[in-house]
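Structures follow.
Next come two complexes, and both contain chain A; in the first it sits with chain B, in the second with chain C.
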Partner chain A sequence: MPSVSFEHVRKAFGDATVVEDFDLTVADGELLVLVGGSGSGKSTILRMVAGLEEVTSGSIKIDDRDVTALPPRERDVAMVFQDYGLYPHMSVRENLSLGLRLRKIARQEIDRRVTWAAGMLGLAPLLDRKPKQLSGGQRQRVAMGRAMVREPKVFLFDEPLSNLDASLRAQMRIEIGGLQRRLNTTTIYVTHDQVEAMTLGDRIVVLADGRIQQIGRPIELYRAPINRFVAGFIGTPPMNFVDGGLREEDGEVFFRAEGMSIRVPHENAATSKAAESLTLGIRPEDLRLNASTTRAEGGPAGDAFTGRVVLVERLGGTSHVHFDVVGGSRMMASVLNDRLPDVGETISVGVPPDRVHLFAADGRSISNSASLPS
Partner chain B sequence: MKRNLLARIALYAGLTIAALTFIYPFLWMASSTFKPPAEVGSLALIPHDITLDNYRTMWARAPFGRALVNSIFVATTITLSVLVFGSMTAYAMARLNFRGRPALNAATIAVLLIPGQLTLIPLYTLMVELGWVDSYTALIVPYLFNPTAILMLRQFFLQIPQSLIDSARMDGMSEPRILFTIFWPLSKPVLSIVAIFTFMGAWNEVLWPLLVVREQNLMTLPQLLTVFALGGGAGSVGVSLASAMVLVVPVVVAYAFLQRNFIESMAGSGIKG
Partner chain C sequence: MRAEQKSGSLMAAPYGVFLLVFAVYPIAFALVLVFLQWDLVTAPAFAGADNVRLLVHDGRFWRAVANTFVFLSIHVPLQIVTALGLALALNRQLAGRSFWRAAFFLPVVISGAVVAILWSNLYATDVGLINRVLVKLGASPVPWLTDPRTAMPAIAVMVTWKNVGFYVIIYLAGLQYIPRSCQEAIEIEGASAWQRFRYLTMPSLLPQHILVVTLSTINGFQLFIEPYVMTGGGPLRRTYSVVLYLYNNAFAYQKMGYAATIGVALALIIGAVIFVQRRVIGRAEAL
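Take a look at the complex of A and B:
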């Protein structure tokens, strides 16, 4: 049974359309992540589910009940806000229980739920404190607890980790994921952070300018991005892009740009007649570096090109090697630390043909050469 | 070191003189109400012979007790109304989307620009037409809304994070409930300054009551005082001053209690989560 479904939802503020024809079904118990840059419409979509924002046209259903015109309190959803939205003048206990008291739920039941949520989130010793006396992570937990005690059909998270520092963010991310699996409540999670999206989401929806770019499992978006935007957005460090064109030689197809000629799988070329102007994408972790000066040593012709190292960022486990393609653009490779080149050194860069992505001039992917795991 | 000390002494001496020039007239007035007529002319702060005659005379000659009750009733009603209706208006202006909101904001500011004296005559005519002259209604109704209060509250309400309103709506609160159970507790500083200013304004108002109230039993304290002291009812300076004390003391007491809030709100305040 679908838990939340959007049917051609559109939202406009005056003349500006911020969400265009949003059509999607969220399965029962699923954790769906909406990810996109600022202005992509992701928070607006969430607020429309919550009832905090009116839907301009289209409809939203929760468990097959049309909620499009219902006020927030009648929708059976609970939301966690970026700045938590805790009432500063009330204790943690009051913050947790207020929504239940307003719904006239029996006192014993309220106590049971508050105790349950506080136990689950480690808030039991903090129940009598005011939000001001809590750390950022604790406030975040209270905000989650407030959503949990409502026992709603749907959880909505609006960038819940943005106000936390990096280490706490990683920890809370794990907690949210674990909590969602245990409660098995349908969840829509909005973030601009693609790491959060990749690690938390059962499925991810990538948004740009109010339109869905791609929907899929995290690994699908990573391996087979449908367009250049998704390719650049998903994955850290971001994908390298090189502008160039395709050419056929001796029955093989090559991607040619200034300073490089890369063999690409044949089927790609067949699908693309307009091969004059396109973009090659390759992830930094798919590039192979060899500290050699000649192409011959780097591998068979067409699988490598030459570059000059301009910067090496050592991150510990891996390092980022930035290099200029001779006569061409700047790229970056993510490599293990065992044999790092020096700045100024000339290197041979190997490109596995099955890891190459090609994008047409309009950004559409014309190859999904990277195969998906079954 | 020494120079520093001298500068400090000079500073404090200057401040002391300044403070005395402010407080001396008030203390003189207070002490003179306890002086017999022969002593009132002296500048001394401590009377030779302490007497309550001035107060007794005042109380006997005019219904000051009744005027005190009238003043408290009128000023309290006006203050409560300004707080309740003012914050409702301010909440709508600050946080709700509706057609005509910019026009309402502009109109509120425009009202501020019109001096009160300008509307005095039309307002009086209106009171006569409505048959409200010589009634509490005439004293209270024209003051139920106050644009300054609305703008101050609106400015404060604009700073309250949107997520609090969103949370409250998701928790199932109605808009009035959000205003009175979430916004009010967070807005104590601005509510108290609005309350103090409104109360003091209503308490000290003389001109309007003089226009619309002739009946002695409906007169507010400053009105009765004016009629009494200027009209020659007092008979002596001591009695005049005693009646002025009755007017001043409640305001001073209120200020003493609310001083902390008063200074806080003057210094401005924000909300930190």
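Take a look at the complex of A and C:
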């Protein structure tokens, strides 16, 4: 059963269109993540579901009921805000119970739900405190508890972790994911952080300029980005991009750019032989330093090229090696710490052909080399 | 650190001098005057506790205190309701918002005497605009400022009108301080417009309520220009305020000692009332 469905939803503020033809169905119990940069329209979409923004055209249904024109309180959704939106003059208990009191739920039922949520979120000892007496993480939990006690049809999360520090964010991310799976409530989660998107989402919608770029399971977006924007947005550290062109030699197809010539699998070339100008994308973790002794300098030899190391960032488990392709662009490889090159050293960089992504001049992906799990 | 302290004291010095000349000295002088008899012409004479004894048994003084409480009991609630109502209206997206804000603030900066004369005309029994409208509507005219029952309420309404812009600004600041996410959260949680006001707006404005009650009370105790210009304290002394009585004692009857005694008593009464108010509001906050 579809839980939330968007039908050609469009939103404009005056002349500026911020969401264009958003058409999507969220399954019952699914955790859907909307991810994108600022101005991508992700928060606007969430606010339209909540009823805080009007829909310019199109419709939104919750459980097959058209809610497009309904005020927020009749939609049966609960929202967790970036700054939590806790009522400062009320205790945690009052914050949790207000929505139920407004709806005239029986007192015993209110107590039962507040106790249940407080227990689940570890808020029991804090029930009589005011929000200002709580830490950021505790406030975040109260905001989630306030959503939970309502037992709504849909949870809406608007960048709920942005105000927390890094370690707390990682912890709360895990808690939110666990909680959502236990409650099995349909959830739409907005974030600009692609790590949150990757770790939390059953499916991810990548947005840019108010348009859907790609919808898919996290691993799909990672392995088979549909365009250059998605490729650059999903994955940390971000994908390397090199501008160049394709050339066929001796029955093999090579991607050529300043300082590099990379063999690419045949099936790509078939669709894009004419492509003079395109972009190669390769993830930092797919590059192999010193992995191949094949030298690229000499000609169309194959699957490696030469670079000069300019910076090594040691992160502990892995390290980021930044290097300049000889005569060409700057790239970065993410490698294990077994053997790290020194700054200034010339290295050979191996490129596994099956890890290469190719993008046409308009950003569209023209490769399907990265195979998907079925 | 020393140099810093020195320059700090130096920078604070002008205000320190101001405070000494216009606050510390007059207060000290008034406290001394309480124990003197002085007509501004002959040399002051020591009067012991005569002034205090006189004040305690002075029916006119207590009448003035009672009048002032009547004034406050109308002015303070009316001031809160009108200022809050206007602030809520002006906080919305409405056309010409800055014009309306300026318009409601204008009376605050107009001289009190000018406003008093203006309203004397509005309240005039035969030719006043208010009565003309009443007559048009079929009611009989009301002698606003000459009927003992309506005179003080009429003045209270006028003072409320004059000051409302000031308190609107206080409430507007408070309204804009309520986080947008709180307002949206309560809307999603199912609150009607009245419930949003009752559970979010009103309690969030508690600091503003305290400020408005305190300031309008202090301001109300100092009621002077309006009865001085409009009624001279009448009819039947019903608009005779404490400050008007103080003024007349000082400058009409040349009883500076007694006037100072009234002033000190007024300060003590204001202090006591504000103390009680704060306790009551504080208890409301704890609920």
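Here is the rule we use: the second predicted complex is superposed on the first by the 363 of 374 C-alpha atoms of A that agree within 3 Å, B and C clash if a C-alpha of one lies under 4 Å from a C-alpha of the other, contacts with A are read in each partner's own complex, and residues count from 1 in each chain.
In this section, contacts are C-beta pairs under 8 Å (C-beta built on N, C-alpha and C of every residue); 3 or more make two chains touch, one makes a residue touch a chain.
As the structure is a prediction and not an experimental result, all values here were calculated from the model.
Asks: Once the two structures are overlaid on chain A, check if chain B and chain C clash or fit side by side.
Replies: Verdict on chain A: clash between chain B and chain C.
Asks: When the two structures are overlaid on chain A, which partner does A:131 contact: first (chain B), second (chain C), both, or neither?
Replies: A:131 sits against chain B, while chain C stays out of touch.
Asks: For A:84, is the partner it touches chain B (first), chain C (second), both, or none of the two (neither)?
Replies: Once the two structures are laid over each other on A, A:84 reaches both partners.
Asks: Considering each complex separately, which residues of chain A are in contact with chain B in the first and with chain C in the second?
Replies: Overlap of chain B and chain C footprints on chain A: residues 50-52, 71-73, 77-79, 81-89, 98-99, 102-103, 146.
Asks: Considering only the defined contacts, which chain A positions touch chain C in the complex?
Replies: Going through chain A, the ones touching chain C are 50-52, 71-73, 75, 77-79, 81-90, 98-99, 102-103, 146, 150.
Asks: Where on chain A is chain B touching in the complex?
Replies: Result: residues 47, 50-52, 71-73, 77-79, 81-89, 98-99, 102-103, 131-132, 139, 146 of chain A touch chain B.
Asks: Show which residues of chain B lie in contact with chain A when the two form their complex.
Replies: 161, 163-164, 166-173, 182, 185-186, 271-273
Asks: Can you check the complex and tell me which residues of chain C touch chain A?
Replies: 179, 181-182, 184-192, 195, 199-200, 203-204, 206
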